[in-house]
Amino acid sequence: MIDLNKIDSDISHYKDIWVFIEQTNGQAEHVSFELLTKARELASQRNCHVAAVAVGNSVAHLAEDVFKYGAEKFYIVEDEVLKDYRTEPYRDAVSELVVKYKPEIFLIGATTQGRDLSGTVATVLRTGLTADTTKQEIDQETGFLWMTRPTFGGSLMATIFCPKHRPQMSTVRPGVFKAIPLDAPVNGEIIEIIREKIEFSEEDVVKKILKKVISSEGNVTLGFYDVIVSGGKGMGNKENFNMLKELADLLGGTWAGSRKAVELGYIPQTRQVGQTGQTVHPKLYIACGISGAIQHLVGMQTSEIIIAINTDKDAPIFNVSTYCIVEDALKFVPKLIEELKGMQSTRRAQ
Amino acid sequence: MHALVFIKQVPDASQVRINYETGTLIREGVPAILNPYEVHAVEEAVKIKQKFGGKVTILTMGPLQAADALKECLSRGADKGYLLSDRIFAGSDTLATSYALYEGAKKIIELEGEIDFFFAGKQAIDGDTAQTGPGIATRFNIPLVTYLTKLDEVNLEEKYVVATRLTEFGQETLKVPIPVFFTVEESLNILSHSPLPWLVKAAQSKIEILSGENVDLDKNQCGLRNSPTIVKKAFTPEKKQRGATLTGTFDEVVDQAAEKVAPFLNNIL
Amino acid sequence: MSNLKYDVIVVGAGPAGLAAATVLAKAGVKVVVVERGQFAGSKNVMGGVFYSDCMKGIIDDFPGKAPVERHIIDQRVWLLDKDSFVGFNHKNELFNKKPYNCHTVFRAKFDSWFAKQAADAGALIITRTLAKEAIIENNKIVGIKTGRPDGDIKADCVIIADGVNSLLAKSLGFRKEIKRESVALAVKEVIGLDEKIINERFNVKSGEGVTIEVTGNFFNGEAMAFIYTNKKSISLGVGMVVEDLVKNKINPNDLMESFKAHPSVVPLIDGGETKEYLAHLIPEGGYKDMPKLVGNGVMIAGDAAMMVDAIHREGSNLAVTSGKLAAETYLEAAKTGDFSEKSLSLYEKKKLKESFVIKDLKKYKGVPSLLQHNKRLLQQYPKLINNAAYEILNVNGISKNDKEKLLWKNMKSQIGVSNLIKDLFKLWRNVG
């Protein structure tokens, strides 16, 4: 681990905004691009650069994507030892880079991996970490980063800042920000790839991965997503949930449902929202064929935007909905998907 | 075998309500409970003890009433509870909390002997930060296994465990040397029914109080003043009211709905 | 096998059990309380009015630091019709004198406070543990079996205070399954409101409280409701005898919703937010439904013994008093070491009999069945009274004399003079 004496405590030496590029088998997670997009906005206010950081056995090829989303520098650490994510070597690689290059702000996706990594890195660096944020803004007066996050299962929001320690670290939930590629590479900017060599040996890493199981339904932490498309008894059968999955995919989110949907075997219990399921507070919650029983509402009513589709105009779900759609979800959702796909292809064409 | 479980007493989040007028939480009358993940951490630690012998110690940092949560752990089969309680810890953020707990744990090692297994919950339901466990593990510089869903094998002779944890895509199984730090999921185990004598013993037991005085620590790393993160403001999300009903023909409603969700459209090509 | 042995086992950490345990522990008796909830009070429900007097001899400086909400200075009764009510109230400065007559309380807080007092006095409180049945040896109760492994506990005496559903009393055969007509299902909602708003709406100062008992034809004469003030919330409840719920296919939640929507209730709760929703049974059978109270090595107290005075919304005070008396009986019996039914019968034959508990229960013993079998009392009279009030107060050119004649005619035709006389007589006999 880092020698604490090597950490520079003069905060004026820290600049630039970093984004951790989470990757699995060389494939980047979408949230990383969302963060790059946000970092661009923050950097323009701080008058500084955006940099991306990736760690793995082979990550250099991510440069193209990373630059497309606005990174001006790309720091990478490549080593066989780093092939799969393991806390300790990743922690050391990332901490080394931070100590050496001193970013002012460091954003990491609030995924399983991002949460695991950020907590250890922040401790190594003895700096503050704000987890699971949903909002990031620069205070014009002080230039500090204001990070807003839900607590108490979303009943309360807190705005947090970190005035005396650097970097200002936070994890950001997937789906909170949009990923928008640059129209064209920024003129005259130097884009730099820095290959950082840090000595690793497999003997030093005591943790060994024996097995990986990729599951399709598995254990999802719904709270990680900022768009959730949810269905209830009104979806009629299991197959009809496919349209919700498709809609969720289009919106960069995930799918879930009510307890009745679980009881009827439409969805696994691991995707139940509510009192006896998971509590979520995404940016967008689309409820299809869900009545809105109180036990369901307590698990999702703090979502920022709620769109409900229900045939019953008096369904209680509408009492908490931002937009109420009194329609048959089975007819409405496919049409909506069609419409959205249309919009997507027009955008691509532009 | 010696396991140390870090537990937290939290307000039962499902019963916390908001006062929209004042923008504060109504915590009155909300019972304090043992953070649900830790119940499973204690269960797992006690299972190891039953198999190999040894003891399970519990540590929490909090106000004196947190002794109730420690007693619940004892009634679930833990052997001794320590409460780290002092005004100097008030207002600690996760970095300061992990520091205090790290020093507290070192004190416990001094009093109770070396530790093989450290357990914490995946996250506390009041703050949801999930940082305290990784923070303590890092300070001890021992391997960390977060989101533990199964302890496949414990080998005390050769000093390793085989453990399965949750990942974004499923599960992964690791071989890790002891000592090791786990943060646990609820699915780790099914709670067993403790025998009555355990409850009796727990109700009669005494909780050891540790303070800033009897633990050797640097006060300049504790409490609100020494926490790097500062809460600027806390506020309640706006109260939900019935919003606009989208009207028009079916196709018009589809158009309006598409417009509302379009900002979320995935732009990855 | 465990060999847990105590002088007394108390089953249930409600007011009855905790009163018994506190008295015993203070007298130096080795007592264990077995409670199934996560903590004492965790699932316990009541409307919320707790009378102070019964705590004498248990907690002497009551309320002291006990978590009480408001002391009641104004008690109201409403006869509710569809759009109206006729009410009377009694507000008295004397109720502002200490010691206060009664307070509103939240059971979750109150019971856990009470349990702490018992524990401080030396009682052992075991929570999260279900008492399943009594252990009987040689025709004498010698302990209980709990739902836990190694879960037997032995004792010289068991005090059963496990509430309305009393598993233990049933397992002993002291009590049968409750009859549907002698138990009411009550639902309660706690609505959070600003303290100042409550003070204004109920015309009281901070700390002072109001109770409203509600009945009448609005509920078809079959339900009772209440509105009580707490510090920063209002408790609303509606209860109905289970038999009537089943017969009329009524869902208690709907009852609550219609009550909350009544034009007389709306202004009181307007703008409030529901904080809690609870449901519980109330034994309303009264004296006639009381089980056998004493056996060899056992006494029954509180709701488990059906000790509820349904008319005066009293239950917790009867529970506390009976628990205390059971404890005192044990202390008497311990002098000789004889815990036989004969020795413990002191509890029923003397202690309870001389207390207000049995006196009150006896006095009103006819009321539950009277109301159950004469629906007219709560169906037609309240309606007539509401109509009468309206007619008299609504100035419309008809002389008061004529109005009275008209009303009397209405009453005669709807109920009949002989019924009227009969009803008045029955009421006088049962309640007066």
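Every chain is named by a letter (A, B and C) in the order it is written, and numbering of its residues begins at 1.
Throughout what follows, a contact is a pair of C-beta atoms (placed from the backbone, for glycine too) under 8 Å apart; a residue touches a chain by one contact, two chains touch by 3 or more.
Here the structure is a predicted model, which means the values were calculated and not measured.
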item	value
Identifier of the chain whose CA centre is least distant from the whole-structure CA centre	B
Which two chains share the largest set of C-beta contact pairs	A-B
Averaged-CA centre spacing for the pair chain B and chain A, given as whole angstrom	22
Averaged-CA centre spacing for the pair chain C and chain A, given as whole angstrom	53
Distance from the mean Cα position of chain C to that of chain B, given in whole angstrom	40
Residue numbers of chain B (touch at least two other chains)	17
In the complex, chain B residues that touch chain A	11, 13-14, 16-18, 25, 93-95, 98, 125-131, 133-135, 137-139, 141, 143-147, 149, 162, 166-177, 185, 187, 227-237, 240-246, 250-251, 253-258, 260-269
Touching residues on chain C, where the partner in the complex is chain B	2, 4, 32, 38-39, 42, 106, 108-109, 124-129, 146-153, 192, 194, 232, 273, 275-276
Residue ranges of chain B touching chain C (in the complex, touch as defined)	15, 17, 19-21, 26, 28-29, 31, 33, 68, 75, 193-197, 199-200, 203-204
Residues of chain A that touch chain B when the two form their complex	1, 24, 29-30, 33, 84-85, 87-88, 91, 111-113, 115-116, 118-120, 122-124, 126-132, 146, 150-165, 175, 178-181, 206-215, 218-219, 221, 224, 227, 249-253, 275, 279, 281, 283-284, 286, 298, 301-302, 304-307, 313, 318-327, 331-332, 335-336, 339-340, 343-344, 347-348
